[in-house]
Amino acid sequence: MFLKDYISDVVNGVSSLLKGMRKTGYYFTHSKEIITEQYPDNRATLKLADRFKGEVVMPHDENNEHTCTGCTACELACPNGTIKIITKFDISPEGKKKKAIDAFIYRLEMCTLCNLCITACPSDAIKMVPNFEHSVFDRSKLTKILNKPGSKIKEGIE
Amino acid sequence: MIKLEQHLKNNHNRLLNNSVDNDTFLTMTNEAIKEFITARAPEAIYDESGEWLNMIVEPHQLKPIAAALLGQPMQMDFLFCLTCVDYKTHLTMVYHLTASTNRSLNLVLKVNLDRANPIIETVCELWRTAEFHEREVFEMFGVQFANHPDLRRLILEDEPATAGDEKKESGHEPKGYWPLRKDFEDPINMIKL
Amino acid sequence: MYNETEIIKDTTNLGPEGELVVNMGPQHPATHGVLHLVVTLNGETIKKIEPHLGYIHRSIEKMCESLTYRQFIYVTSRMDYLSSHINNTACALLVEKGMQIEVPERAKVVRTILNELTRIASHELWIGAMAMDLGAFTPFFYAFREREMITDIMEDTCGARLTMNYIVPGGLMYDIHPDFQTKVKAFIQQFKEKVTEYEDLVTGNIIFQSRTKGVGVLTTEDAISYGCTGPVARASGVRCDMRKIAPYDAYDRVEFEEIIETAGDSFARYIVRVKEMNQSIRIIEQLIDNIPEGEFVGKTKNVLKLAKGEFYQRVETARGELGVYIVSEGATTPYRIKFRSPGFSNLSVLNHIAKGSKIGDLMATMGTLDLVIPDIDR
Amino acid sequence: MLSLESITKTTQDWLLAKFDPTIALAIECVIVIVLCITLFAILGLVLVLLERKVAARIQIRLGPNRVGPGGIFQTAADTLKLIMKEGLTPDSADKFLFNLAPFVVMMVAMLLLAPIAFARNFQIWDINIGVLYISSISSLSVIGILMAGWASNNKYSLLGAMRSGAQIVSYELSAGFAVLTIVVLTGSLQISDIVAAQENGWWLFKGHIPVIIAFVLYIIAVTAETNRAPFDLAEAESELTAGFHTEYSGMKFALFFLAEYINIFIVCAIGATLFLGGWMPLHIGHWESFNHIMDYIPSSIWFMGKTFFLIFVIMWFRWTFPRLRVDQLLNLEWKYLLPISLFNLLLVTVIAIMGWHF
């Protein structure tokens, strides 16, 4: 009986190994199964999910106007101190003082892309965009001012 | 291979036994537990406001009560959380216990410790998971566990040389050396609001 | 040319005779991160293993003390980064419990589906990494092919692939993607076809079986005493599935089996995880067509404040029982927060079960414990 | 037809006509050495690329595809990188042995090239104890590995070297027995005789089941002997980081790496010679026209084709199987391979004596 067990051991072992080799052999001979994405080459056709959280931006319309009131809700919501808002007072044509943002400073290197600032914003002034190629040679380039120079707040946003 | 088969058999037996034992204390109520504890530690304080029954015992009572809870009929053999809370006036050790055969039975055992010289008996021999958790509490809160087999730092780096000197002079660790205590100030905490 | 003193310069620190102390890690291919094991060997046989932790310790518990109840959830994604959804769910559930927030049905069901997808993704990665520990490189790529489908689903719906931060107190951050259901169904189909590959390549393989069977045996008593949870404990015959013991979200209305093996060795731990993936598929199949319509987030106050008291929430992550313990003083931030991570307890058992085995067995044992180092260090 | 045989013959005739025989021999030696080194370099580049491509295809990847068309210059670029890297010698290493070890391993691999018949009458040294020479020299490489492991003064290296020692010494046995089956059938140790004996059919087909078993045993044993997965315990990436060559870098590492691939080539070449008829074309019984077409393919192509097929099989093993444990490795040898090969040898001897083979 010992001999029988011994032989069946060998046969079972070898057959289990052959099964595995059949599987890898199948993939070796079927090149259509290859799943490699040639990243920098396929940049033109690369499509990321619309919701992909890559970076915070502040959309501006054609008149160079944004909807940020400078309420600092995002600054408070941010867990890492990524956002810093510097406010100023604009003098409106009627001579009234009005609070507005001077600089919306966003530090991408500290951002964890948690989306809490977007949900906190009452006027939808900022949003996430699917940019992911963030590498730069100088760390200071990651500190961005989101409001474009000369931009101002859209009429009717309080 | 024989060893493995033995293990299998033992485990099977244990599983079967567990299912029998279940009935005996499935009906264990908070009142019954209280009675059980009061018999051993009359001055224990109970608190039922939370999800589970909390009780505060004296440091010297911890070991006997823990041993009693581990034995029949409670069989609280699963210590699923061991931690410490710094209440500024005192430290509180918190032991979350349950029975592996009846996971709906949960118990929170608390021990208040002196903040200046926190020392308590280890529960390592009862629940071996306590070994690592106690080492963590030791380095984070400075609680000394008496009779712990290997009370060293686990997560933080080894003691710096200066801390050792200070320890030698004053007899205890320098102030503010335990990161999870409330008076610990981290000079480079960038997210502190 | 040869001079003994030239080679061994320091003869004071050699240790007892017959012992060889090897530092495995923090940079070692099999520790999958920065785990540092000081292994004492006698030839090839292990005499003692001493884990040194903390290479990726970020003191998340202390950090959370200065974060509000909305903010601290994102940090927990960084603990066990392979089951970040489940960690987030634990925190959200705890805040909901503390404030009695009503969670809409839709959010509950979606959370359950996402949690199960996360579990499958985690186990897929584990199978690949485990096979790699044992020297088989190829299954890693096959496992990642399926995992990629899950991360794509996550990317569509949650906007991130690993650290989603999609679950907020009260429900979800935003609604699911319109393609969510079709994509999940496509994934289920592909998974069912391809799961046989692991059978051929890994499970049935004689070398794999002889490497794992009877290796790193953890008895039921030890599993309980060491506080092991998750697949590690279930392979030793301990019933510890939090989805059964204290059902949360939609787990109370789905049918699934708690996989129990009794051998307690590395192969049993492997089998438990493979079968668990199939159970997760079963849960998803039951829910995916029955996502109720309605709100995705319940009504919450702007500023969350937990009542004074203590709260504890347990969930089943891919690695075991994650416990979140919060002591609240009624402020907007937790007074003390403790994460009872499954990996921490599972790691503590390593010395006990790997002692006396060979170095090769250590890889099998460590692989099947499924250690994620940020989860252990926190 | 231009064949390697005619080239060598013309060269020798020309040299003998021009020079005194001793000088001619010296010039021939130089030519052979240069050719060997060239072959080594080319084989190293080709085999590493082949391995990476095979691995990539099995792992549903593309593999190297950036340097040159289809990535064919990838290994050349890697070699350039390795040459330019600093060859570090650890401070506490035994410097002499540490630097010597890669050369020992390399030299062993080079010596093994001598008796291999690459094509019809194209052989460096047709020694009459060819097979014995091969098995004795190939076991020398363990010295280089032990040397490297010990001299590195690194615990991982030492463990890897010790594993390697135990492994090579034991697998030498069953490889030797597998080779002996063919020696028994042929009745000669000379490589050219062994090839000539397969004129009317390869031993794999002529020798019944015992030779097939011997072939399988040979493939398993040489996989172990060359420290390839699933027997790569000496390196065991996930256990011992890189085993015996953990401390090596730059060109010294490249020599180990190259020697590994050369060794694979050599054992596969010997396997092809012994079991698959070396440079002999495939002949089937009395199909005269088929045999004729087969004869038309140059003998060097036949040899290389068979060798590369075996190399592919060994690579296929590597990318499919998990690694064995050290005690299982020895169990496999002493409990399975050795008894089977002993019994198998007995069977073959009976077959050879009774003349039952074709």
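Letters are used for the chains, namely A, B, C and D, taken in the order the chains are written, and counting of residues starts over at 1 for each.
In this text, a residue touches a chain if its C-beta (ideal position, glycine included) is under 8 Å from a C-beta of that chain, and two chains touch if they have at least 3 such contacts.
Note that the structure is a prediction, hence the values are computed from the model and not measured.
The pair with more inter-chain C-beta contacts, choosing from B-C and C-D, is B-C.
Averaging C-alpha coordinates per chain and comparing to chain C, the farthest chain turns out to be D.
With centres computed from CA atoms alone, C is the chain lying nearest the middle of all the protein shown.
Separation between the centroids of chain A and chain B, computed from CA atoms only, is 42 Å. Chain B and chain C have Cα centroids lying 23 Å from one another. Between chain C and chain D, the centres computed from C-alpha atoms are 44 Å apart. Computed centre separation for the pair chain A/chain D is 51 angstrom, with centres defined by C-alpha atoms.
The residues of chain D that reach two or more other chains are 58-61, 319-321, listed in rising order. Within chain A, contacts with two or more other chains are made by residues 17, 20, 23-24, 35, 79. In chain C, the positions touching at least two other chains are 67, 138, 145, 201, 205, 207. Those residues of chain C lying in contact with chain A across their complex are 67, 70-72, 74-75, 138, 145, 148, 152, 155-160, 163, 165, 168, 173-174, 177, 197, 200-201, 204-207.
Against chain A, in their complex, chain D makes its touches with residues 54, 57-62, 316-317, 319-321, 336, 340.
For chain C in complex with chain D, the residues that touch the partner chain are 1-2, 6-9, 20-22, 28-30, 41, 44, 131-138, 140-142, 145, 201-202, 205, 207-208, 210-211, 358-363. Residues 51-54, 57, 59, 61-63, 66-67, 213-214, 217, 219-222, 224-227, 229, 236-240, 245-246, 262-265, 309-312, 314, 321, 323, 325, 327, 335-336, 338, 340, 344-345, 347-348, 352, 377 of chain C are the ones that touch chain B when the two sit in their complex.
Residues of chain B that touch chain C in their complex: 1, 3-4, 7-8, 10-12, 14-15, 49-52, 54, 77-81, 83, 85-86, 94, 96, 100, 103-104, 108, 127-129, 131-133, 136, 154-157, 179-180, 184, 186, 189, 191-193.
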